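Everything on this sheet refers to the single structure shown next.
Every chain is named by a letter (A, B, C and D) in the order it is written, and numbering of its residues begins at 1.
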């Protein structure tokens, strides 16, 4: 058996790579967890695409403000130094390359850095994209946080995505429960493997050659 | 004297025609002009194309408008949510069309309509299903897709306060689509907590200048505010908490 | 001799056509005079493209504020109801058709509504366009305020402009010292002639057929 | 701790390279970052492309930078003014290039650079000399010309106040190009009257969020303000009036 770290450990691993001063958007779902592991005492500016920089944690009991929510429509707070802005200004920030890091979930990431995370392409499903395509191209570094394999054991790091794409060549790094991989011009490169995992084991799980 | 205030929500939505394109502000429930939507349901215009980020939550607001059968088509980025059962049912029954637009392209297309831009090249969506059939171009080494403005006959939005010229200020993330939708419609209708005397809004902090606004109606303060100050004591849907929860 | 009204009378004539509630941009130079003749007690919202709606008159002596100027870089004041915004937002207002009226000067206006007011095309002259081309397309109605003839007696209302264009087919009405002319699909139409001026006299001054 | 403040204007403009494209805020004198420009003159970078609405007034600020021979090219809308003698002379002598851009296209091209837009169709300038050689297109019955973003290596702008995160508020029409230039440059440098503690700027009224700002330097209050309040008593160039004029 290979070593797998927990979702919480993975969130902490991602958080450890985010430097002070970074402007960061944490996608809906698992990436939201990263906020809980950002180093105490460091100032990191969280962006939420529904119109705010300097987002703080969830409010105390009884202090929920329905006008102050994040992209997942959960109640949040504003830190000192926060700013509000409208939707066109908010997405201009992302599209214009002013965010340092986006952390996103994924169905699949390709060796060329393509991301598929918005649709399984199932016929009859109601499609919904939200800000996924904007986030995919919306930061200097786009980090993906995901399991290496689906629940059914299929690789999520692939030679080419079979699910509908969210963005082309946009992912810079993939944090998985087995290890961390950079996307390079030559494909995935192992950055770190957790526990006793070996290069060969991961290559055979994925059926992909990995750069060292 | 310029006075864009109207006495009630019925007057605010008067004249919206069948077949109109109606932009509705809000991101989920935040900033959603629920009282104006209720008035639109009472007014009864049908066959509407509605532009909103989502496609309704629960059974109120935009969801109620959909349930009333008044919407022919939704233009939005994220219809499917945990509480979007009204839209989901109509869509599966083939009773409402959907144009899905990435959220940032939606915002920029609305902004373009207000700003007189005929089209723009955006990197969002390039190489995806949502750019299929659209013109693409490589500019300075990056690929872009050409997107066009989305205009509306009417925008219904919500703001915190207005003066009689229609100058608006918003509150927190309830600002979201309000300013750009105000500029993108032929007629812009705004519900506010309160109408303040002309000159009370500092010209430095006006977010939507009055020239974008046609009608303003005061609907009273939200339950989590008193005299404009946050007092808390509601759940995320804005319902006052039972006393034991609010402690 | 034909009847000519003064510059001040012309400004008053333009002002009399601006209804309460109109959002109006008055171009640099003669059009600025129109502000002095707007009917007292009517609320008309003046836009200045350097970032303000609700512009008021010049400040009192000793109360000049260098941060508060109009497009001509003259000191102004802010009325109750004013709003400030940045340059991209300001020109979006114009380009987006949100202003009711722009009043501009002209070297020439063509029967098709083309405007020439930014350059005489003289070789060696330093060109400067400022907001002229934006103003030309920047309102539901673009009014030109000008003399009918140049100082040298040349018509300024022409079949086709010979000076470099500011905008194509953009002018809706021309207020001159001899009369007021609408631009129609059939060319200039006389709206009003001042004093004893006759249709035939103006046609012969211009060398142009005028609709009635 | 995030702290974008720098101790003096020399530190603020350090590292600007020869050949750089430098956006300079201001409309005429309003909002012109004169202290930063003076520091750039002292710093000595040459062969600059400068983006500003005008091309300098009198002998100070941008005019002094031009006079110092540091500018190879001006991109602006309105170089020729009653007091633009420095630029006028250099231009007539062939010592400075000029790219003339209609003011609204200039603003939108700067905005596009900051917003990641690859190009946009604008109706301004269609059919004129300033659109010659550019792609045009009829969209929905109206003619447009395609314009591209203008990016900068450095923006030098002026605001009223900042906090250490670089959040900015402006004052009156001195706001003009500041917010869009802040977003369009690799490095944005801001001079302000005062730096206030983090949290003092209301998040509702921040005009330029700190993520657009790299360096902030306090240069002290303008002569017509005291503690941020207008006191008057200057001429249009900001020079204190003699007592008899100020009465």
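By definition in this document, a residue touches a chain if its C-beta (ideal position, glycine included) is under 8 Å from a C-beta of that chain, and two chains touch if they have at least 3 such contacts.
Here the structure is a predicted model, which means the values were calculated and not measured.
> Quick one: which chains contact chain B and chain C both?
Where chain B and chain C share a partner, that partner set is D.
> Quick one: chain A and chain C, Cα centre-to-centre, how many Å?
54
> For chain A versus chain D, what separation do you get between their C-alpha means, in angstrom?
Whole-Å distance between the two chain centres: 36.
> Please compute the C-alpha centroid of chain A, do the same for chain B, then give the distance between them in whole Å.
So the centre of chain A lies 28 Å away from the centre of chain B.
> Would you mind listing the residues of chain A that make contact with two or more other chains?
Each of 52, 78, 84-85, 92, 94-95 in chain A touches at least two other chains.
> Among all residues of chain B, which ones touch two or more of the remaining chains?
In chain B, residues 108, 111, 115-117, 122-123, 170-172, 203-204 touch at least two other chains, as defined above.
> Name the touching chain pairs, please: which are they?
Chain-chain contacts present: A-B, A-D, B-C, B-D, C-D.
> Can you list the chain B residues touching chain D in their complex?
108, 112, 115-123, 137, 139-140, 142, 144, 148, 169-172, 202-205
> What part of chain B is in contact with chain A in the complex they form?
27-31, 53, 77-81, 87-88, 91-92, 98, 100-105, 107-108, 110-111, 122-130, 143, 170-180, 207, 222, 224, 230, 232-238, 241, 245-247
> Given the complex with chain D, which residues does chain A contribute to the contact?
20-21, 23, 43, 45, 47, 52-54, 78, 80-85, 92-99
> With touch defined as at the start, can you tell me which chain D residues reach chain A in the complex?
Touch list, chain D to chain A: 1-2, 111, 113-117, 163, 165, 167, 183, 198-199, 203-204, 206, 209-212.
> Inside the complex, what are the residues of chain A that reach chain B?
Interface residues on chain A, with respect to chain B: 48-52, 59, 61-69, 73-75, 78, 84-88, 90-92, 94-95, 114, 119, 124, 126-134, 137-138, 164-168.
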